[in-house]
Structure formats: structure tokens, C-alpha cells
Amino acid sequence: MNRFFASDNSSGVHPEFIKAMSDVNQGHVIGYGDDIYTESAIAEFKKNFGEDIEVFFTFLGTGANVLGLSALTNPYSAILCAETAHIFEDECGAVERFGGAKLIPIETENGKLTVELIKPHIRGIGMEHHSQVKVISITQVSELGTVYTVDEIKAITKFAHEQDLLVHMDGARISNAAVSLDLPFKAFTKDAGIDMLSFGGTKNGMMYGEAVIFFNTELAKDFKYIRKQGMQLASKMRFIAAQFIALLTNDVWKQNAINANNTAKYLAGKLKAFPEIQLTQEVQSNGIWAIIPNELAKKMQKTQFFYPWDEKKSEYRIMCSWDTTKEEIDQFIKKI
Amino acid sequence: MNRFFASDNSSGVHPEFIKAMSDVNQGHVIGYGDDIYTESAIAEFKKNFGEDIEVFFTFLGTGANVLGLSALTNPYSAILCAETAHIFEDECGAVERFGGAKLIPIETENGKLTVELIKPHIRGIGMEHHSQVKVISITQVSELGTVYTVDEIKAITKFAHEQDLLVHMDGARISNAAVSLDLPFKAFTKDAGIDMLSFGGTKNGMMYGEAVIFFNTELAKDFKYIRKQGMQLASKMRFIAAQFIALLTNDVWKQNAINANNTAKYLAGKLKAFPEIQLTQEVQSNGIWAIIPNELAKKMQKTQFFYPWDEKKSEYRIMCSWDTTKEEIDQFIKKI
Amino acid sequence: MNRFFASDNSSGVHPEFIKAMSDVNQGHVIGYGDDIYTESAIAEFKKNFGEDIEVFFTFLGTGANVLGLSALTNPYSAILCAETAHIFEDECGAVERFGGAKLIPIETENGKLTVELIKPHIRGIGMEHHSQVKVISITQVSELGTVYTVDEIKAITKFAHEQDLLVHMDGARISNAAVSLDLPFKAFTKDAGIDMLSFGGTKNGMMYGEAVIFFNTELAKDFKYIRKQGMQLASKMRFIAAQFIALLTNDVWKQNAINANNTAKYLAGKLKAFPEIQLTQEVQSNGIWAIIPNELAKKMQKTQFFYPWDEKKSEYRIMCSWDTTKEEIDQFIKKI
Amino acid sequence: MNRFFASDNSSGVHPEFIKAMSDVNQGHVIGYGDDIYTESAIAEFKKNFGEDIEVFFTFLGTGANVLGLSALTNPYSAILCAETAHIFEDECGAVERFGGAKLIPIETENGKLTVELIKPHIRGIGMEHHSQVKVISITQVSELGTVYTVDEIKAITKFAHEQDLLVHMDGARISNAAVSLDLPFKAFTKDAGIDMLSFGGTKNGMMYGEAVIFFNTELAKDFKYIRKQGMQLASKMRFIAAQFIALLTNDVWKQNAINANNTAKYLAGKLKAFPEIQLTQEVQSNGIWAIIPNELAKKMQKTQFFYPWDEKKSEYRIMCSWDTTKEEIDQFIKKI
């Protein structure tokens, strides 16, 4: 069987999710989320995050981020994010086009924002010549594989709320973060002051489907219109719902994330043995960033493909997934 | 088992599509459509429409319509459509928001545009005070269940091309139209002069997934960016591709559409026996439009739910699906 | 001297406005409206409309309408207007592009909306598939030269507020309406329940400059950002302010509107003498709509140019301006 | 008479422009630019830039920049600019909102881009996950008062065209640049490879009005619709045209720019005598950037107001204008 280290979305769908979708494929239900499966899925989210939340499903992570952020902003708003943030780098300007708001990228060392990094960008407040900073967006796990601690998140949300700003968490890999921190989802999101969360399913082994969760429920008031207008309202919603029910019950999310994180750690341990390979970020989740001599990298990529990250520095990204095995890592290492 | 007449998306997923998704759930493939399944699915479309087309998958019909139309227009363009058109009535302003173009609704009797109806709206050409008409959008099957003949389509595309306009077909129910016309897809789309087609999968029994097909391939030049920015680029694309492969091979689309159309015709025949029920549109596909006294309608809705269409006229819409059975129709009729 | 009946913006600038601009052209003031002239102009508006309003100047009427409406709506909102409305017909889709909201045109006989005409369009409320009607936009003087009475306006605003809708008045020719009704501005705007007003200057003889006036001041909260982002924030604001001060003091607006309205009435009286000319709208302000045989129209246009309105009906629009004279009308009539 | 050093738009209107506007205030002309004055103004621009250009007037610089850039880009495009660029910093997100394109800010030392600074940002070309770089926007005079040499511009345009990119020049202070370089406009715009120019009028002493000039005329094809939809089409266009005619004839632009540049240089010379004041940018046009101890700055601001530039560094910006006099500078210095 062919596997890659290219991305955690190169993998297929965990069998539990396939089974869940088959199980709900019975008879007719009203479309667009007015069905018992969607109701149950939302109930599962409430078990994890508390009753006072609003949950909406979208097809994909770009949809969750873009629509969620557009619910928090006006076109004259600005959103601060790391310059490595997926919303800035990898969504082809979707945030700007759909919501109109301005993204202001901030240089970081490890993909994580801090209050110190944010502060200089809080300026021009009340002056109409400047887009008005309204949201700080952080990614957990970050785009460099690092994980914010609860204290780091709380420092940002405390600062944000003092400045009348909102905080968004892009949780495309939130399960990997929960496993890395060994904490329930709620501890580093709602309880840490996050206002709105993009909760990822696809990278945890779902076929498709993400969730936008509003902890500040006032912000969700008109979100159903935004979701429809934003082309993210699934007619056969039950099939997203079924996957989320499966993900949240029986700790499927946890098993999948544990495997991805552990195999990454295992692989990183093996790579450290190669003196010519130099890890550039701490391995805190399911990704490895490393400087690898180009020749060696090419050889490695032939065995199991992965992407360059920064070609100038000869830096590469290696991603493990819910289905990566230690055996294939051993074979991969053997071939080097 | 519970079934409705509410919409052809109240039904679940045809078993062939579930099977197809399971079959491709093997190992890793590169995400975002750079995989062999997507390649095969596109090849299937080319078998149906010819080699000189460009095909892109989206998650849903709104996405196919909105992004496809935005590829054909500028924000200062206008799009002519029937006032009953889904893009005007049922997409919460998505066309206007994403692409900026103006929709100009035209009153029709049966949901179908004609050159005569279109002509008065071709005005202000070259004058900067007016949005410039650029596209005529027709829906096949129309939102009133009627089906354009090939000649009717050709009349519109001929007129359009003479005026330097483009023609879009919203084919959310294109399979029902093909069965109704007893023609291959190509005959009433590409060969009839259509420039861009939204090819529907979900209403034919797929879980999710639609296709944007450019017959005028020049228009597809930048569509990959539009799809990404429009939040319709699936990372695990193979699962949309697999469903389309299944749909297009072994005539699955045809069996599904035949069943939906036939059961609608069967039900319509039964309803005609009720003197107090009056069909308002010819039954040419899988939907029935009928004026039903409110009391009777309420009783009927309790048995198998369906929606009011025009409350002032006491008009209702009854939709049959790929899985509607004659048995349930017989029972439904019996209960009235 | 060459004069037209083409539009009330074919005329130049009333000398009072030129003088006013020269008078304030002294020394430096802070730009963007933070100056004493802007303060004074706003004070003049408050004398006319009461203290509890918010006033913002824009360069042009399109800017006033588009930005004002975007302050009242979300992209998933709908705006109801007459199908002849300038915002629907003559702003090249600016409302849709800038604000994203959907315009829903309503057929009228005389350019004026009524509650009866509006009611059928209030539907799908709370349903995410439909743009949510949020604003009713009326034009005073209407695009067919007719004038809403206070009672007609109150009927609309009462209905609107009961439905939780807002009412915008496009007052590009508000001075002509005030003269026609013989009422102060306030009586048929703020006192009649209007929420937001585009107050026209250019068609009354100003060089450039319009005002957006919020009677519902809560709606103005973020308007300064919208104006800047909407490219309508003049750096040398004092020159718009100076014109508005001149317009509102010494009844310059009134003299200009009286002349325009009176010459239109005078000309209409003369035209009625021609049996082949048939007025199609009541002459209530400074415009005349008339069916004129094409040959005759061509001859008339050669003397003083005016535009066709509806070529199919051989209907023409003849506009009088602040500087139209009875002498030129007499000569015009003589030449026919 | 009160004068400031706050901005070159704190000044009023040069008497020649007032006179020009009065002179054309005769009789009626067709609105929206279809008049002889607009024709003459365009002819004046052609005398300066050659026949093969397209010229459009807008109300203000934000309009010129935003609409011009939107003609050059798609919503999935990216525009590279200095992080100090007016389009990034001072237009409240107008570029992103109107056109949808992404602005990518680049750090510079002196407000000027170079090929070396630009190169690392040309990446992800052809990959749909990334906004596609399409335009490099430079500001001449830059937002830090520095002036690009012809060679510096040519280096950028050569690189850009090799990469299939376009180059925009924001020429809000183009007259100051022409005087600083002692070159005709054409030498450092069209002849240097610029594709589209925002030509500034207001900061040179006009009341309002800027021009968008396309040297690559293919790009202008649909600009008239963009201008209308972008709320920048003046109905009484002749008054913008008249000012530009006056500006371009008799070297009014040059006299105004010479005065502004010379007084800035004169003032900079005086300031250099103060050991506690440290100029931070070379004075190449009409602005001075200087670190001034806060106490001293406050004292100076009381005499003639100017703005802080970077409060953390205690850096201030002092702007001279077409009407700044050496006498007031002498008095200003005396009071320190």
C-alpha cells in the first residue's frame, strides 16, 4: 500500500467514518441540517465544550476559517495572524475576497503569535484611514507543528479582550494539539478565552467536514446566512454529522491523533541519528520540519513523497497521519 | 422506512456511490485532485462530452453555479435568468456576493426563458451606467419541473452568441432532463451551444459533489484559482471523483433519473383523479406542481411531507427521488 | 449660450456655490472633514433636520446611495426598490459589488412603491436560502418625476418598521420634492419615518457633493470607515462643506428647485398644446415624460438635446434645471 | 493666515484652478465626461505622455489607486507593495474590499522597493493555494519622501515584465517627483516601463480630481465600467477637466511642486542646525522625516501643526505645500 509524508490529507478515511456514513444512509431526512443526526452531532460537541455554544458544519477548513472570520469582522476590519498562517498563505486570498477584511501577517520564529509580537500592530484605532484590527487568529497546531500552551493562549485572549478584540483559533489539527497537550478540547479553547474555533475533521481521518464553533454565541446570530451565501451549506448534512458523531465518541479522534503524533515523534527520533539532517522546529505534533541536503531529500522523497517547505533553506516538511505505521517508517529509514 | 416528497435531496446515497467511495479508500494519494481517480472521473466526463472540455469538481451545486458564473463575468456584468431560477431565489445572494455581478430576473410562465422574453433585457450595451449583460443562465430541468427541448436551447444560444453573450446551464437535475428528452447529455448541452454547465450529482443520489464543465475552454483558464478562493477545492478529492465514476458508468445516473421521473409521472396520474387537485405545470421530470386545497394538502403532508410552493395560490411542490417507490405512492394515495 | 434638456446635471454650477468655494479657500485646514467649514455645514443640516442626526459628505450620489445602503445591510440582505430606481438601473451594479446585498426590483406604474407592491416580496424571512429583506429604498423625486406625499411615505415606513425593515430615501432631487410638496425637508424624511437619506447637491446646482444623513444614528456607528473604504472621503472636504452651507442658507436650494420645477411645468403646458405629444407621467417636479413621434422628437432634440426614455414606446425624458429659462423654452417651442 | 505642516492636502486650491473652474462654468454640457473640456484635458495628457494612452479622471487618489489596480488584477491576484505604501496603510482596506486582491507588504528602509526585496515574494506561481502575484505597486514620491531614479524604476519594470507582472505607480505626488528628478513625467513613467499610473492633482493644489493613465491600453478596455461601479464617475466632469488643463499648461504643476520641494529643503536646512533633531530620510521632495524630542516636537506643533510618524521612535513628518512660504518657515524656526 502506497503512503506519503506529503500531508495529513493524503490519507484516506478512517473505517469508523465510512461505517458511520453507511449507518445513517437510511430513508429520507429533511436536508440542510434539520435532521436528527445533525442534532446528535451538535449534542456531542456540547458534551465536549458545554451547552452554551453554537455549532455549524462546513465542507472544508477553508470554508470554516473564511466564513467564521467573516462573522467576526467587517470589510474595514483587520485580522492579525502569523505570516505562516494558512489563512494568509494557503487560501488564495479567500478571506479577503469573501469578507473583505485585511489580513496583517506577523513574522514569528515558530509559527506562534505572542502578545509582544501582536502589540506593534494595534494602531490607528479609531482612525478611518486604517483598517481596524478586530481579530487575532492563531492556529493550533500551528503551521510549523508547534503547539500553544494554555497559558500562551490565555495571554493572547486576555490581551485581546482588553483591547476589545476577538480571538479565532484555526483548529484544523486540533486533535493533534489536544493529544500533545494531554488536555480536553475545552481546556485550551473555550476555557482559554477563544471566541470562535474552526474544528478540523478532515485531517483526523474524516472524508470531508469541519465545524465552526462559536463560544461567543452572539457572534453566531446571522451565521446561517453566511454559511449558505458562503457555499458551505450541505444539503445531505447527515453525512457530515455522522462522521463527527463517530469522531467524538469512543475517542476515535484521540486514537487517530495519537498515532499521527507518535509516528512523527518516532520518525523524528530516527532522523536525529543522521548528522546531515537538522530539525528546525520542536516536534510537538504530527509534523517534522527539517533541513535536509537536497540530494538526500530527493532520495527520501522517492521512497515516500513529502514537500519542500523553504527551498532557499533546503527545509522540508514531513507529515504523519492517522494511518502512518512504524513499520513503514522503519522501511523508510532503512532505504535512506 | 421514512420517505418524503420534500426534495430530491431528502433521499440518501445510492449504494453504488457508497461502494465506490469505499473502493477508493486505499492508501494515500496526493490531495486536491492530483490523483488517478480524479483523472479517471474526468476521462468519464470526456467520454460523454468529448475531449475538448475542462472539468472541475465542487462540493455542491451552489458552488458550481456561483464559481462557474464568476468565471464568465466581471463584477460589472449582468446575468439574465428566470425569476424562479435557483441562482436568483435560493442561493442567498451568493452570486452577487462572490462575483459581484447583477442578476436580472425575468418573469416566465413555466420556468423557461425564451429569446422573446430575453430580448427586452438586452439594453444599455456599451453604456457605463448599466451593468453589461454577459450571461444568460437557464436551468435544465427548470425550477418548475419543465424541460427545454434541444431546439429551445439552440434558439437561446444562437441569439446569445450573436449578441456576444455566453450561456450557462444549471444542470442540478441534468440526469432527469436527459431521461425526459431521451438524449445523451452532450446533445442538449455542448452540441446545443451551451458554454458552461453545472453538472449535478447530489440530486441523482450522490452524497456530495457537482461538476463545472467548460465547453468554451478558454473560460476555464483561471478557474482553479477561483475554485480554491471560492472554498470549493476538496482536499480528499478522490471521494467526489469515485462517485462521479460510478454515476457515469453502468448508467447509474440513468436508472436513478428514470425512477425519479417515472414515479413522479405515476403519482401525477393518480393525483389527476382528484378533482380538487389541479396540476399547474406539465410533469416532464421528477417534480409535480399542483394547486391543492389547504386542508387536503395538510393531510397529505402528514403522510409524506412536501413543501408549499406559492402559499397565496395554495400551490405545492411534490418531488420524487431516485429511491421513491410505486408502493409508497400507492399507500400515499390510499391515505388521502 | 448652449443649454440642454438632457439632464439636470448638464447645467453648470450656481454662482453662489462658486463664490462659497472661493471664500473658504483661505489658508490651511486639517483635511478629511476635521475643519470648521464641515462643522458649520453639519450645523446647517441640523437646523433643518434636528440635532439628533449624523451627516457625512460624499463626492457623488452613487457614493451616497451605495455606502449608505451598505451601512444598513449585510451581504445576505435584500433591498427592495422600484425597477426604475437609479440604484437598480443606473449604478452599474455598484450596490451589489460594494455591499454584496441583493437588489429586488419591483414593477411600478409611476416610479413609486406602495405597501401593496412591496408586500409580496417580504418572504423567506428567517430562511437561509433567501436573501433577507432588510431595506426598502424609495426615490424622492422618483425616477419618473413623481413625488411621494407625506402620507404615502408614512405608510411605507410604518409597514417597514413593523416588519423590522429600514427605509432609505434616495434624495438626489430632494429639493425639487420639497418645493413640489411645499414642505420643509424634515416633514417628509425624518418626521415621516425615513431611516437614512441621500441628500442631493449636484442636481441642485452644486459642482459635486452629496450628503448621507442618518436619522437612525445607531446605523452611522461605523460609517466613517465605510466612507473611507468606499473611496468617498474628500481630503479637501471644506469645498463640499462650503457649497452645502451656501445651499442651505438663503434658500438657494429653494430658488434653484423652484426654477427647475416651474420651467418644467411651463414647458409641459406648452407641449400639451401639441396633439401628437402625450405626457405619460404627471409633472410634479423638474422632469417631463412624454410620448413624442420619433420624427418630431428628432427635430426637437436638434434644438435642445434630450434623451429617449423607452425607445419601444417612443417615450422621451425632458429635464429642466436650476438655470433653465422661460425664454429658451419659448424659443424651443417656436422652433417645433 | 493659518498654515500647517500636517499634509500637502491641508492647503487650499491654487487660484489658477479656481479660475479654470469658473471659466468653464458656462451653459450646459453633456455630463459624465462627454464634453469638450474633458476632451481637451485628455489631449493635454497626451501631449505629456504620447498619443497611445488611455486617461480617466476620478475624484480622489484612493479611487485612482483602487480602481486602477482592480483593472490590473483578479480577486485571486496579489499585489506587492512597500509596507509603508498608502494602498496598504492608508486606504482602510479599500483595495482588498473593492477588488478582492491580496496586498503583500514588503519591508523597506526608505519606502522604495527593489528587485532584491521583491524577489522572495514571487512564489507559488501556478499553485492554486496561493494568491498569484500580478502587480508590483510603487509610489513616486514614496511615502517616505524618497524619489525613485529612472534606473531604479526600469530595474523593477524589467524584472516585472520578465515575470509577466505589471507595474503600477501611485503618483499622488508625481509633480514633486518630476521636479526632484528634473525630468518630464513621461521619462520616469511610460518610458520607464510603467503600465498604469495614478496621476495626482489634489496634493499639487487642485480642489479634487486625479487621473488614471493606462500606458498598456489593453488594460483600459473595461475601465469605464469599473469607474462607474467604483463610484468615481463625476457627472459634472468638466470641473475636474478644467483643473487638469490648468495644471498641465503654463507649468502650474511645476511651480507648485518647485515651491513645495524648495521650502521643504529650506526647512530641512534650518532643522539640521538643531543638534537634537535628526533627519531620518533624505529630503528629496516636499516632506521631511525627523526624530525630534517629544517636548520640542510639541512646542513646534503648537506653532504649525504636523503629525507624528512613528511614535515609538519619536519620529515626525513635516510636509510643505504649494503655498508654503520661506517667511513662515523663518518665523517657525524663530519660535523654536
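Observations, loosely collected:
Note that the chains take the letters A, B, C and D in the order they are written out, and that residue 1 is the start of every chain.
As a working rule, a contact is a pair of C-beta atoms (placed from the backbone, for glycine too) under 8 Å apart; a residue touches a chain by one contact, two chains touch by 3 or more.
Computed from a prediction, not measured in an experiment: that's the story for all the values here.
Taking A-C and A-D together, the pair of chains sharing more C-beta contacts is A-D. Equivalent interface to A-B within the set B-C, B-D or C-D: C-D (over half of contact pairs identical by residue number). Spacing of chain A relative to chain D, judged by their CA centroids, is 41 angstrom.
Once the centre of each chain is set as its mean CA position, chain C and chain D turn out to be 33 Å apart.
Centres computed as Cα averages put chain A at a distance of 50 Å from chain C. For chain A, residues touching at least two other chains, in rising order: 75-76, 91-93, 97, 128-129, 225, 228-229, 233. The touching residues of chain B, counted against chain A in their complex, run 1-4, 6-7, 9-13, 18, 21-22, 24-31, 59-60, 62-63, 66-67, 91-94, 97-98, 202, 207-208, 225, 228-236, 238-239, 305, 321. In the complex of the two chains, the chain D residues touching chain A come out as 75-78, 89-93, 96-97, 100-103, 105, 120, 128-131, 312. The touching residues of chain A, when paired with chain C in their complex, are 32, 74-76, 128-129, 132, 222, 224-229, 233.
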